[in-house]
Amino acid sequence: MSLLDRIQHLDDALSWKGDMPTQGRYTAGIAGERFFRAIKEDGQFLATVCLDCDITYMPPRLYCEQCFAHLDEWVEVAPAGHVHTFTVVHRDLDEQMLPEPRIVAFVVLDETDGGLVHYLDEVEPDEIYLGMAVEPVLKEKEQRQGSINDIKYFRPAGGTA
Amino acid sequence: MYVKRMKRSNQRVAVVGAGMTKFVRRAQETSKELSWEAAHLALASCDLTLDDIDAVVIGTAPDAFDGVHMKSEYLSDSCGGWGKPVIRGYVGGGTGVFAAIQGWYHVASGLFDTVLVVCEEKMSSCQPHPQAAFLTIFDHTTERPLKPNLLWIFALEMNAYMHRYGLSKRDIATVSVKNKRNAALHPAALLGDPDITVEDVLDSPVLAWPVQRLDVSPVTDGAVALVISASHVARRVTDKPVWIEGVGWNLDTAYWTNRDLSYPVYVEEAARMAYDMAGITEPRKEIHIAEPYDPFDYKELHHLEGLMLFDKGEAPKAAADGVTQRDGDLPVCPSGGLLGVGNPIAAAGLMKVGEIFWQLRGEAGARQVPGNPRRGLAQAWGDLMQVGTVIVMGV
Amino acid sequence: MSLKRRVAIVGAGWSGFRSISPDLSYKELMYDAAVQAYEDAGIDPRRDVDSFVTVGEDYNEGTSIFDEYVPDQLGALHRPVQTITGEGIHGLAAAVMQILTGQFDIIVVEGHSKASNILTLPYILAFAFDPVFNRPLGVHPTFVAGMEMLRYLAETATTHEECAAVVAKNRNNALSNPLAGFGAVLSIDDVLTSEPIAEPLTQLECASHSDGAIVLVLASGETAATLTDQPIWVRGVGWANDTFRLESRPWGDARYARAAGEMAFRTADIKSPRQEIDFAEIDDTFAYKELQHMEALGLFPPGVAGEWTLAGGTERTGEFPVNPSGGALGQGHLLDATGLARVLEVVLQLRGEAGQRQIDGAEVGLAFGWRGVPTTGGAAVVLSS
Amino acid sequence: MEELVYDSVYLRREDFEERPDSTQEPVLFETWDPNAQYAWDAGVAIGRYLQDLKAGRLIGRHCPECDRVLIPPRMFCESCFCATDHWVPLEDTGTVLTFSRCYVTWDMVYLEDPMMPAVIEIDGAAPGMGIMHLLGDVDPDALEIGMRVEAVWKPPTDRTGAITDIAYFRPLEPAEE
């Protein structure tokens, strides 16, 4: 037989508040360190190449996912890509409405088999089409910290600023 | 005592390869990079490639350490899981040995011929200190508000164990000395120390009496990987397959404050299950090397008794008399254990399975146990002093 | 290697399926479901069960090393107990493998959700993202679903109306399912005009969460015959992961579902799934996912699942019923246990115990579970009466 | 065997810090607050436990098959797998089954005066049935297994329905037995 006593009144249904308090600190990793430092210092985009599988990984990786080879072939690729897919997000992590909707996209970098997930700006949602050429807009060098947020957003290629 | 009866099942599933990373206090690699480093070495050790792998087992303990929710998804492609079946088992500190047991049932089920087992932990991502993550293993309503430190449960257990059998701290401290000296010969070790003495241990600062600093294994980042195959593959891949002869695991009540902490009943139950499957009736004679879980020095002894390798309360004296030295009657933790090599939780348990693999193949190098050991045992432990996982291997 | 008559489900129990469950702790919710499952299977866990498998995630529970807290309420004290951090069907797969070793006869599988106890669920999902390449953008996790959906619609010429038809179907099905908390009568237009979340994804196309616990009792072939005259055979099982990296996975195609399905059909000796399977319970965490998964599992060619749904072909009375239970959209999403809710419905249908929502003549059913955003972890199981 | 160990890159604490004197830049890293907040339903058994703590009482639950009185209370007996059948009021006195003197907090901050955690078998519950709590009003070096102790309750106005409504357990003088 299951429970022999049950709660009959809601004020007997207590709950205990608490959290999982520890915080996270994440190194960028062996491949990540080189990738983000190249953006931070030179505004350059680096990828790694698996010669066996003929895959150019963006973001660069220490290993090939498909054949597990160690990747130490680094190449610089042009800061240019196209929109593979995108969405318009309306709420933040607290489920509150954003001051204004934001566009997030997966941008395939042209000379690679991968790309970057990032914001799109300087464009209206209805102007965006799959395959649209875009380029990254970076923060000023002094503001860059070696993070994905060193890139402010992507915008249509040949944009204004 | 109810024990799961097992049927004899030898020479069906074998460990054929192993690889690992150095154990370090803080790695620059991401958790994914650490996992790949161990996994690709394990494949290289037996000349296999990812195409030979049918399924992947991932073992990793609290997500709070690496700081990623659903950690096995994040780790999947770095453990070789691209386009393959991936499963993660998670039984706290028992995960390392349990992941090898999962490798066994993947193959013994007949669904897969070769499985890659990868255990990883990157504790250094956890801030302000990895120890802080253990606050959240306690019951959120009846215990966490008291702000417990993980050391509490070890100190409470060690005290109960010492009190019940009138044990001396000096005898217990010899375990820390033995393991840290053994670890000096392990290429991956974090705290190998050939010159440590019992006095050093007894003089180290008290953290939570009777637990002192040198009684405790270090917070560590690291990964270990094994390749486990069905017999027809194992015989093709290596001339020295190490057979998985017995497996056992057991979980006690979460109400740890209602239990007699002086003896790990659940370790005995897990051991009996594994011995039953391996056809072992006299463990002290039939087990030639033991790698019990040693996050604390007293735990090695506590577990040796649970594994029925020593009578209750007798393990400390045997340790002090040198019985468990690498050249003793029953070598215990020739690897250097968690106390010496390091304690990246899940990877620590699999390091012990790796040690038995290398020892039984005579490939442990400077740590090689003399004589011709043919059967070894690795055991892990965890949760609220509550889970025992045991694997018996033989050649 | 086929699983023909080697593993069967011989008992099932559940509790909850409500948006909140303030009257029960998670232990009591699990105990409620376990008592029902053991009565249904006619077993005593303290005497008959060889091994227990639970599914659970630390950050869904708010406790590290959550497997500590499962044995007592399942009757699993001093027994082999393991926790799989995966989808409910991953837990089922672990149980099936153990039985196939020949060393275990009766195994209990459990999964539950106390989603109502999580106060910051979007942050928990965000915590699953790559902490260096994706998480620092700080976007609400459903953006991945929005971007997948756009690509899926483009690549398969599926329409937004067809996705909306999934919601109307599932929440209508839920009206006749006592194990469902989100039954509703909705038009396609209601769905299309509900609040945009991650365009084109709208609010009504996202499954709300639910509390609940599910316990299943599995047995080996011979033992199953002694316990019930209506064993539900596990014909096939399969699971797979695609790369976790957002940057190297296909956005429109559920490759993980294809791989999981292929393994499940191979182990079930099923050559053409659409013909040999009578109905399916398929992950619908988001409406488009039901269609995308159906096509990746090989049940329909690309773009056709949507047409069938709009035309009513996947209704309970249609030619190929999908999610007669109401799915996650209709029952509520049970976090890791949501795949077990899919399995539970297939079991009840095959036992003819689905009451008002019973499908006539159903003999072979498929259940497919997905671990949700941002994962590419899927698991499938084929059951037959 | 050396070739089977990968030479992973280890960092020192200072590799994460900005140091004006050194030319070497700190390693790149991200930080993140999981913001994992919960409100766990206490349910029938622990809900009653908390209500009784607020009232200054300890309560247990009785198993009809093994006749044990269980604390903390639960609606099932894990040993018999049956429903527990009634509430049992318990004493707020007990016996120390084991204890420690801990000189570090949960997040490894050093303490001059140790916290004194203990497992305390509660009078009225089954033998060996203890709960974890803290000891106080006692010289840390005078602690012994088997000591008799009593709960020191916070004043009613400070009690909120929590395990911390008991401030700590202190030694029970023999006369007070």
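Note that the chains are named A, B, C and D in the order they appear, and that numbering of residues resets to 1 at the start of each chain.
Throughout what follows, contacts are C-beta pairs under 8 Å (C-beta built on N, C-alpha and C of every residue); 3 or more make two chains touch, one makes a residue touch a chain.
Everything numeric in this text was worked out from a predicted model, so none of it was measured.
Novice: Which of the two pairs, A-D or B-D, is linked by more C-beta contacts?
Specialist: B-D
Novice: Once you find the CA centre of chain A and the CA centre of chain D, what distance in Å lies between them?
Specialist: 41
Novice: Centroid of chain A to centroid of chain C, CA atoms only: how many Å?
Specialist: The answer is 28 Å.
Novice: When the centre of a chain is set as the mean of its C-alpha atoms, what distance in Å lies between chain C and chain D?
Specialist: Result: the chain centres lie 36 Å from each other.
Novice: For chain D, give me the residues that contact two or more of the other chains.
Specialist: In chain D, the residues touching two or more other chains are 9, 11, 27, 30-32, 34-44, 46-47, 50, 74-76, 78, 162.
Novice: Using the touch rule from the top of the page, what residues of chain B touch 2 or more other chains?
Specialist: Each of 27-30, 64, 67, 69, 77, 82-83, 124, 127-128, 132-136, 139-141, 253, 255 in chain B touches at least two other chains.
Novice: Show the residues in chain C shared as contacts by 2 or more other chains, in ascending order.
Specialist: Where chain C meets two or more other chains at a single residue, that happens at 22-24, 28, 31, 46, 58-59, 62, 64, 71-72, 77, 117, 119-120, 123-124, 127, 131-132, 136, 243, 245.
Novice: Once you draw an edge for every pair of touching chains, what topology comes out, line, ring, star, complete or other?
Specialist: Shape of the chain contacts: complete, all pairs touching.
Novice: Using the touch definition from the top, list the residues of chain A that touch chain B in their complex.
Specialist: Contact set of chain A toward chain B: 16, 18, 20-33, 62-63, 65-68, 70.
Novice: Quick check: in the complex, which residue numbers of chain B touch chain A?
Specialist: 27-30, 32-33, 36, 39-40, 43, 49-50, 64, 67, 77-78, 80, 82-83, 124-128, 132-133, 135-136, 140-141, 144
Novice: List the residues on chain B that touch chain C in their complex, please.
Specialist: Going through chain B, the ones touching chain C are 1-2, 4, 6-7, 9, 30, 61-64, 67-77, 81-92, 98, 102, 104-106, 108-111, 133-134, 136-137, 139-140, 248-255, 265-266, 269, 273, 277, 382-384, 386-387.
Novice: Please output the residues of chain D touching chain A within their complex, sorted ascending.
Specialist: 9, 11, 16, 27-44, 46-48, 50-51, 75-76, 82-85, 161-162
Novice: Applying the document's contact rule, which stretches of chain C touch chain B when the two form their complex?
Specialist: That would be residues 1, 46, 50-51, 57-59, 62-65, 67-72, 76-86, 90, 93-94, 96-98, 100-103, 124-125, 127-128, 130-132, 238-245, 255, 259-260, 263, 267, 371, 374-377 of chain C.
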